[in-house]
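Next, two complexes with chain A in common: one pairs it with chain B, the other with chain C.
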Partner chain A sequence: MAAFLAGRLLTVIPVLWGVSIVVFLLIHLLPGNAIQMFLGTQVEMTPAQMDELRRLFGLNKPLPLQYVDWITRILRGDFGVSLRTSRAVLPDIVARLPLSGEITLLALLIALAIAVPIGIAAAVRRGSAADAAIQFGGLAGLSIPNFWLATMLLLALGNVGTIASIGIYVGFFSNPAKNLAVMALPSFSLGIALAAVMMRFIRSSLLEVLGHDYVRTARAKGLRERLVLYRHVLRNALIPVITVVGFQVGYLLGGTVVIEEVFALPGMGRLALAAISQRDYPVVQGVVLVIALLFVLVNLAVDVAYAFVDPRVRFA
Partner chain B sequence: MRVRRLAWLCVTVAVAASLAAGQVRAGAAPAKVTLTLGVDQEVVGLDPNKVTAFSSFRRIDLLYNKLVTYDAGLHVVGDLAESWDNPDSRTYVFHLRHGVVFHDGTEMTSADIVYTINRILDPKTASPGRSYIDVIDGVTAPDRYTVRLHLAYPLASLLSGLASGNAAIVERAAVEKAGDLQKTEAGTGPFMLAEWVPDNFMRLARNPRYFKRGLPRVDEVVYRVIPEQASLLAGVRSRSLDMATISDGSVVKQAMGERALVVAQAPSLNLRIFSFNTTRRPFTDARVRDAIAFAIDRQAVLNAAEFGMGVVSGPIPAPDKVWALPVSDFPEYRPNQARARQLIQEAGASGASFTITAAATYEGGIAEAQVIQNQLKAVGLNPTIQNVEWGQYINLWVKRDFDTMVELRGGDPDPDRFLYRTFYSTGAVNNFLFKDSTVDRLLDRGRVHLTVAERAPIYHDLERALVTDAPAVFLYAPYETQVMQSYVKGFRIVPTGALTYLEQTSIER
Partner chain C sequence: MSPAATSALVKATAARRQTPPVPPRAAFAARLARAPLALAGITIVAAYLAAALAAPAIAPDDPLRMHSDALLAPPGARHPFGTDQFGRDLATRLLYGAQSSLAVAFGSVALALAAGGTAGITGGYHGGALDNVLMRTMDVIFAFPAVLLAIAIMAVAGTALGNVIVAIGIVYTPQFARVVRASVLETRGLEYVEAAGALGAGTARILARHILPNIGAPLIVQTSLSLSFAILTESALSFLGLGTQPPTPSWGNMLAEARRFMVIAPWTAVFPGAAIALIVLGFNLLGDGLRDLLDPRLKL
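Then we have the complex of A and B:
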């Protein structure tokens, strides 16, 4: 197990290095630069003053040199300073991480709470009218873009009871009730598409297991249907589900960008979006690197969990 | 037995708690009156002498004062200065209000004004306001409440420069202590910075020592940053917001359908223009530009791109009534396709192909380009639209790398400040690369006189020249829109977009 873990951890390094090069190139090769964005179309400034700013921001050096500068500082744990706000990048990311993490987690919980019972019901009643309805609902949930759903929920619901339509964000630990009221709609909007994916996956995974011989054997020896389902079918059917959940967490993190924008939540996605449109290079690079790291770590955790439940993986 | 005891204990505690709660409620001061305002952009910094973003100025409006300011009718009125006079056309003497204090309690005096003006003029500050007032070559304080400015040459738009948010007066001691004021403030304004959580909200508290007696009328103003226009409206509908600045016409339309909400609109000083690169064919020929000025139906563009929310305007934004000629004075404002076709034929430009560069960042930008494209096809031109992302748009704008461009320009109450930098042959934002000796001469003459009576005829000639020579086709001034609850009273929209009237706004439920 230790060797397996060490091996998997080693692969993280080249992945992150690759990500750092790609994100650096992508943001720097976009037309326009931080200084132009900062000045916009209203401010008058002489070319000499612009050159001075470029030198100040370190944007006058050749691109490879800028990359080396940046990556060596990253290795020392220094994420640099935002060109736009002149605040340190890392503390800003760390301050916003809990919010994006919370939406992701809540969305995942909501998705599972919806997907697991419905997926099971659909598999058990395969071919029935209920199954057809669930399949249709799944397709709809999958097809609705989350920003559209979010906007519709906002416009339709207004204030329902204590669920704030567009409330001021407070941290979970400073006021749990208020925090959950603010996070309810965003998490739901984000989680619904995942619920559809999971539901369909759970259904097909269950159907596959239900066709196995040992299920027929269990039934043949007179086991109650409920026990067959819980003891034999679900346990085996849910193993592949773990993998899918792992992948989806990454997509959920990406989805928070849009959701944070719609619900005006001060998370990491909004930091990234503003930074991209303002060409705030250190912030974009920092956020993407952190998200990539999370993505890789989650996948690592999934692999480990998988190895844990399924010994075949460990020894393969 | 034990259970019963526990029950009693619970009841006792509950009663005591509710009594205590009642006591607290009875003893507390009346609830704070908070006005929550939804805006779509977060600010980067708050240093008035340094910031460039429109969103920053909308906070600075409430934190600071200037020597002079503009009222809703765009007249220059005193702010920290009670009055001023001109011993000659190159000297301004400002008489300050007595007893104005900064938020930390120190008195504001002429020394702070001298300090602020020198700070703006200092190249190291890199103040965007420097170019507005760099005509000043001497600033002195003869006494505690008098400031004397001397100019290198007469410049009529000096007062407009001093009324800009970049010329807000800062406290000398506070700047020297803090280094700069991007994350804090040191003003005299009606509200003081109380709390700021970036991308979430900013809370301003009432300044109890504000020099205008009885103002402001609310205890707190909270700015909520909500980037999505539809979310802003949802915030107002659910009463999470008392008011919201909304710029998307389709969302404003929805708000108009809500009986409980008040939609306040007034034309702004921003100006939509369709710009030419006058160094690229066929726009090197003034006849082609004039032809396009005849071909475009400005009202149709306004209707399609912004749901009709704006007013058709000449080179000086329409709400600036002191200077702007009525558009009926310009022949080009009666769309005339036959005349346009004739001019294009004379110039030999029939069938000319070119691109229209547009970005979706300004509301309606793409729709506007599409309407113009159709109207120009109808007179025998062949434009294609280049739809670019905002960063690329600015890049092309800075490099003057375009044939034609859909733009939104920020105007100014004083025609000199807006038109000089925009259309003078060496103007800083003359992206049209437009050079015309008549226009230059009129711009030079317009800035040296001080009275409206002397200046107005010069600017009227200039407006006519600009419409015909057409470095750009002037289209319209879009509305500024605030969506409010009906209990929000006393707010007025200033065409500059300034939120200064929030100091007079109250909540009357």
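Then we have the complex of A and C:
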């Protein structure tokens, strides 16, 4: 296990390095004059002043040296300062992390709660009309844009009680009931497509396991179908689902940016979108970096969890 | 080989040829006819393509013309899908919206296919350090949530149509690279490919004659599924104001504009979203159906 962990950690480092280069280049390859862009058009400067500013910000150095400066600061936790509010970027992002994290987590739980029972039901009734209906429902669930589903749910339920509290966010620990009431619709809108993906995966994973010899043996020795399912099939069929979770967290983290906008929730995504419209690039850069980092770490955690529950992975 | 043996072999071969196998294309068509979901997918996609191409001819109105006497008019005889807050005909705007959404989807997937396909073939066939560099690059792109990376690129690059295509194209390049590379690796080791190499066939010939035909099936499936993702991503970008810019209609920006008026005019929000959902369903049905038809070994 230790060797597996070490190996897996080693593969993460180059990816994170690459991610940091992409995020760095995103801003430093900005077309036009970066300084003039940052200061806005109302500030007139002489070329000498511009050069002085460039020197001050280190923009006169070659790009690789600028990268080294930048990544050194990032590693120290210095994500720079917002061009609009002059506040440090990182604390503002961290303050909004719980909301985005909660939507992601709730959406994942909702997706699992829908996908596991339905996926099992479809696999057990393979080929039936119910299976066909579930399969089609899965495809439909995949096809509905989450922001449209969210809009339609708001339209249909918008004036119903607490759900109308759009944009009024309360932290989970200060008022759990109110928090969940506000988060229910956003998480549900985001989770539906994931439920469809996972349901399809669970179904095909179960079908594969159901075809194995040991399942036939279990049936042949007279075990009741229910016990075959619970004791022999589900364990093996559901473990691979963990891998899908890791991959799909990316969908959730990206989707929460859009969903927060629909429900006017003050999460990381909304912070980034507001920053984009104000050309506040350090904030945009910070949010993109934090979300990508989260995604990579979640995937690492998922891989480790997978190796933990399924020893075969460790030795593969 | 003796003349007798040769003639026996020729006869045996001829006998085998007397019961010709069904030509692959006809067999494919026959199987397709028995796959109602794939057929439904093809029908939806074809209908959308036809509508997008024929939009100027079949649209009842000009997509930018404002009817001040019919602001937010409900669906009716004059405006089958109603009008928006400027009195523009929604049916017309939906048709023209299909042009922008499909153009971006096909453009970006073509880009991803070309870039990812090249990276996958090069890396898979040559292996070694080049393969390593290419695939680690793909890993890095994969480390960003797709929508987020597209948003970030658009935020920096600016909202021109070409930028939307490039942004979405970059985001979906790794999928193609991985699919192609896996197929190339699988095929490269097969004996008949080695035999072709032993007979003196060059790299280009081996790739074109022996490897490309084998990666066709997974590539077609991946293309269809990527088109569905590209439509969703384009509409999300436009919804956020980072994709197709108003007044040019796209389903995403129509939906964004509709949000302010949807309580009094729900049709403005219902139809654009339904238009997205239906074409995405079409590509998904097609992708799923093609996967079952072309390569039953491939699972989800």
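One rule holds in what follows: the second predicted complex is superposed on the first by the 265 of 316 C-alpha atoms of A that agree within 3 Å, B and C clash if a C-alpha of one lies under 4 Å from a C-alpha of the other, contacts with A are read in each partner's own complex, and residues count from 1 in each chain.
Rule of thumb we're sticking to: contacts are C-beta pairs under 8 Å (C-beta built on N, C-alpha and C of every residue); 3 or more make two chains touch, one makes a residue touch a chain.
These numbers come from a predicted model, not from an experiment.
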item	value
Partner chain in contact with A:Gln49 - chain B first, chain C second, else both or neither	first
Touched partner set for A:Ile168, first chain B, second chain C, both or neither	first
First (chain B), second (chain C), both or neither touched by A:Arg270	first
Touching partner for A:Leu155 - first (chain B), second (chain C), both, neither	both
Which superposed partner A:Leu105 touches (first chain B, second chain C, both, neither)	neither
Partner chain(s) touched by A:Leu180 [first = chain B, second = chain C, both, neither]	neither
Touching partner for A:Val302 - first (chain B), second (chain C), both, neither	neither
Partner chain(s) touched by A:Gly254 [first = chain B, second = chain C, both, neither]	second
Touched partner set for A:Arg84, first chain B, second chain C, both or neither	first
Footprint overlap on chain A, comparing chain B with chain C	30-31, 151, 155, 158, 261-262, 277
List of chain A residues in touch with chain B within their complex	30-33, 36-45, 49, 53, 84-86, 151, 154-155, 158-159, 164-169, 261-266, 270-271, 274, 277, 279
Residue numbers on chain B that touch chain A, as the complex places them	42, 44-45, 52-53, 126, 128, 131, 182, 197-201, 224-228, 230-231, 233-235, 237-241, 389-398, 407, 409-410, 421, 428-429
Chain C - residues contacting chain A, complex	37, 136-137, 139-141, 143-149, 151-153, 155-158, 228, 232, 235-236, 239-242, 255, 259, 262-263, 266, 269-270, 272-273, 276-278, 280-281, 284-285, 288, 299-300
Chain A residues within the chain C interface of the complex	14-16, 18-19, 21-22, 26-27, 29-31, 136, 139-140, 142-145, 147-149, 151-152, 155, 158, 200-201, 204, 208, 250-255, 257-258, 261-262, 272-273, 276-277, 281, 284, 288, 291-292, 295-296
